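Got a structure for you, written out below as C-alpha cells; questions coming shortly.
A, B and C label the chains in the order they appear, each numbered from 1.
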Amino acid sequence: MKRLLPLVAAAALLAVPAASARPAAPPTLKPGALTVALNPPAVGFQVGTLRGNTVVNPTGFEIDLARDIAAKLGIPAAKISWINVPFDTLFRPGAKPFDFAFEEATITAARSRVVDFSAPYFNANQGVLLSKTATAPKSLADLKKMSICAQSATTGLDYVQHKLQAPSSSVHIYTSTSAAFTALQVGRCDVFVMDVPIVASQKKTKPSAYGAVAGQIVTNEQYGAVLAKGSKLTPDVSAAIKALTTDGTIAKLQKKWFNIDVSKIPVLK
Amino acid sequence: MHRFLHAFVDPFAFRQALPDVWSGFLINVHMMLIAEALVLVLALLIAIVRGLPGRGAKPLRGLAIAYTDFFRGTPLTIVAYVCILGLPGLGYPFLKNASSEALGVVALTIVYTAYVTEVYRAGIESVHGSQRMAARSLGLTYMQALRYVVLPQAIRRVVPPLLNDFIGLQKDTAIIGAIGVTEAAAQATNYANSYFNYTGYFVAAVFFVYLTIPLARFTDNLIRQRELRERAAGI
Amino acid sequence: MSENGAQFVSVRGVTKRFGDLEVLKHVDLEVAKHGVVSLIGASGSGKSTLLRCINLLERVDEGEIVVDGQRLTGEKVDVNAVRRKIGIVFQAYNLFPHMTVVQNVMLGPRKVRGLPRDRCESIARELLQRIGLEAKAREYPDRLSGGQQQRVAIARALAMEPDLMLLDEITSALDPQLVAEVLQLVRELTEVGMTMILATHEMSFAREVSDVICFLDGGVICEQGPPEQIFSDPREPRTREFLARVIEAGRM
C-alpha cells in the first residue's frame, strides 16, 4: 500500500497536464491580449473617438471582424486594445506597436516586401467622388484633366500618379482621409480618388457635402491586415480570416455595414 | 550603419528623387519670398500701431497686442489647416478660387507677422528715448520722428533677429506640404511611400540648407560687424 | 536787462511732480527778449526739468508758461508749432547717428519747415561754416569729438531759426579741453542777441554772459539777480553754501 501511493500520485501528476492540453496562446505582443491598430474615421469600416493614442468605442466592419478573429485566436473581446496608427506610417519597415492593423490596406508586392499581409478580407476598386460643383468624367482621359485630391501613401494616389499619370500640379496630396474629404468638400479639387467602399460610405453619410460617386476604376485591390514582417501571428490571422470567409461571416458583415450596390457605379475606362 | 546609409543617403535614390523634390522646392522658395515680403511690411505697420500714444489709440493697441499674442501662441500647422481647408468653405469666391499654395502663404504670413512685429517693437524700444526727444524738440510730429529718426535706427538694429525669423519661415514652408501643396517635403514623403527609401528627405534637406546657410552666415557677419562698430564708438 | 519792459518768457507758479516727488515748486521766472538767464544749482535741483517744461517735453502740473505772448500750458496747444520756435540742446548732444552731420542739421528745415532741399542744404552749410565744422559735413556723428558733436547739436537747433534757445548743461559731458570751443559758440550767440536760458555748472562763463542768474535749490528759485550780486554778495545762506562748495571744487 505504501509503495503504491507514490506511484499513483506520480501517475496522477503526469495525467493532469496531458488531460488539460490545449493550444498555446497565440504569439501576441501581450500574451492573452490583442492590440489592433486602426486609423479612423473610414465610414463603414471604422469610426471611433481618438483619445491620445487609443481609439475609444470603435465600431464598424473592421471592428466586428477583428473581434471575430480574436475569438478564433482564443482571446476574449474585453482583452482587445485599439490604438491609432496613422496610415502613412504603416508601411515603414521595422517593429510594430500592434499585433495587426486594419486600415483598409491594399495588398501590393512593394508593400509585401516590408510588411506581412494576412489573407485578404475585402475586395475593392478605386472610386471617384465628385465635389459638388464638378462635372462627372466620362473616361479616364477626362479624369486626367481634372484636379484630383488623394491621400498620402494610398493605392489611390499611386494609381493617379503612376498609372493615370495625372500632371503633378493638379494632384493635391493630404496626409489624412478626413483632410482629403474636407478638401473636396470646400472645392480644393474636383475629385477624390480613393477606395470605392470608403468614398461610397462617406457619400451615403454626408450626401450634401459632395457630388456623386462618379465612377470606379478597376484595380482589383484586396485588403489585408498588416503585420510586422515575419510576424509569427500571420498564419493564425490568415487562417482565421479564411475560416470566416468560408463560413460566410465576412459576407454577412459586409452586408451589415455596407449596403451599397457597387455594380451601379459606372466603370471608367 | 550600412543599412542606415542605404535607407537615407542612397546615391541612386538621390538621383531618382532629385527632379521631383527640386520642383517641389521651387514651391517652397516661391511661398517664402512672397510671405517674407508681406511679413516685413505688415509687421512694421502693426508694430507702429502697437506703439501709438494716446487714449484714442487704446483699442487699436489692444487689437495689435491680441493679434501678436494669439498668433505667436498658435502652432503654424493649425493656422495652415484653417486657412487651406477652412477659409475656402466660407463661400467667398476669392477664397474659394485661391490656390492652396496662396492660402499657405496667408497662413505663413499671419503667423510670422506676429513674431516679426515683436522684433520690430523690440527694435523701436531699444532706440533711446533721447533720440525721440531730440527729434520732437525740433518740431517733428510723432510720425515724422518715427519715420526719420526712430525707425531707421530700429530697423538697422533688428536685422539679425529679422533674418533669423526668416530662416525659420523658410523651413516652415515645409509644413504646408501636409495640406495639399506638393512642396519639397511632400515630394520626399511621396518618394518614401512609393519606394520605401528616405533619401528624398535628404535631398530636400540639402536644398533647404543650401538656401539657409548663406543667410545664416550673412546674419552672423552683420552681428559681428555691429559689435565691432559699437565697441569702437565706445557705447 | 529788459529793453522794452515786455517779458519774452514768463514762467508763473510752475509746479511739476513726478509721482509723489515735487521737482518744481511754484517757480516764477522772467526772461526779457535778447536776455540771457543762467540757471545754477546742484543736480536734481530742477534745472533740466524747468527747461523741458518750457519746450513742452514735460507737462506742468500747475502754473503757466508764456513765450512771446503765446500761452504754452493748458489744453489745445499745438505742441509741434511751439517747439519750432524754441530750440533746445541737451547734455548728451543726441545727434542722429544714422545721418551725416549736414543731414542732422538739415532735417528740421526740410521736414518741419518744409523748405526745398537745396535751400536746406545751404542753410546747413552756412551754419556749419559759422561753427567751423564745414569740413565734417559728410561725416557721421561717431567720427566727431564730443565738443564737435555738441556744436553740431547747437547748429541743428539754430537751423530752425528759433526765438528762444534752451541749453541744458551742454558742456557737462565734455572733456575739459573741449568745453571752451562750445562756450565760445554760445558766447557768440549771446552777442547776436539770441534769447537764452541755460542750465550750467560753468560759473565763470555764466557770470560773463548772463543778465540774470537764478539759483535753484530743491525745485525752488532760492535767489536770483544780476551776476555781480549773486556771485560776489549772495544773500541767501543756501546760495552762499552752494557757491562755497563750487569754489572749493575749483570750478570757479
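Here is the rule we go by: a residue touches a chain if its C-beta (ideal position, glycine included) is under 8 Å from a C-beta of that chain, and two chains touch if they have at least 3 such contacts.
All values reported here derive from a predicted model rather than from experimental measurement.
Path length between chain B and chain C in the chain contact graph, taken as the least number of steps between touching chains: 1. Greatest Cα centroid separation from chain B: this falls to C.
Think of the whole protein's Cα atoms as having one middle point; the chain whose own Cα middle lies nearest to it is B. For the pair chain B and chain C, the distance between C-alpha centroids works out to 47 Å.
For the pair chain A and chain B, the distance between C-alpha centroids works out to 40 Å.
Here the CA centre of chain A is 85 Å from the CA centre of chain C. Taken residue by residue, chain C touches two or more other chains at no position, since every residue touches fewer.
On the side of chain B, the complex with chain C involves touching residues 130-131, 133-141, 144, 148-149, 152-153, 156, 232-233. Remark: chain C residues 55, 57, 79-81, 83-84, 87-88, 90, 92, 94-98, 107-108, 111-112, 142, 156-157, 160 touch chain B in the complex. On the chain B side of its complex with chain A, the touching residues are 20, 23, 81, 84-86, 88-89, 96, 100, 178-182, 186, 189-190, 193-196. Contact residues on chain A toward chain B in their complex (touch as defined above): 88, 91-93, 110, 113-114, 149, 152-153, 157-158, 161-162, 168, 171-175, 179, 182-183, 185-189.
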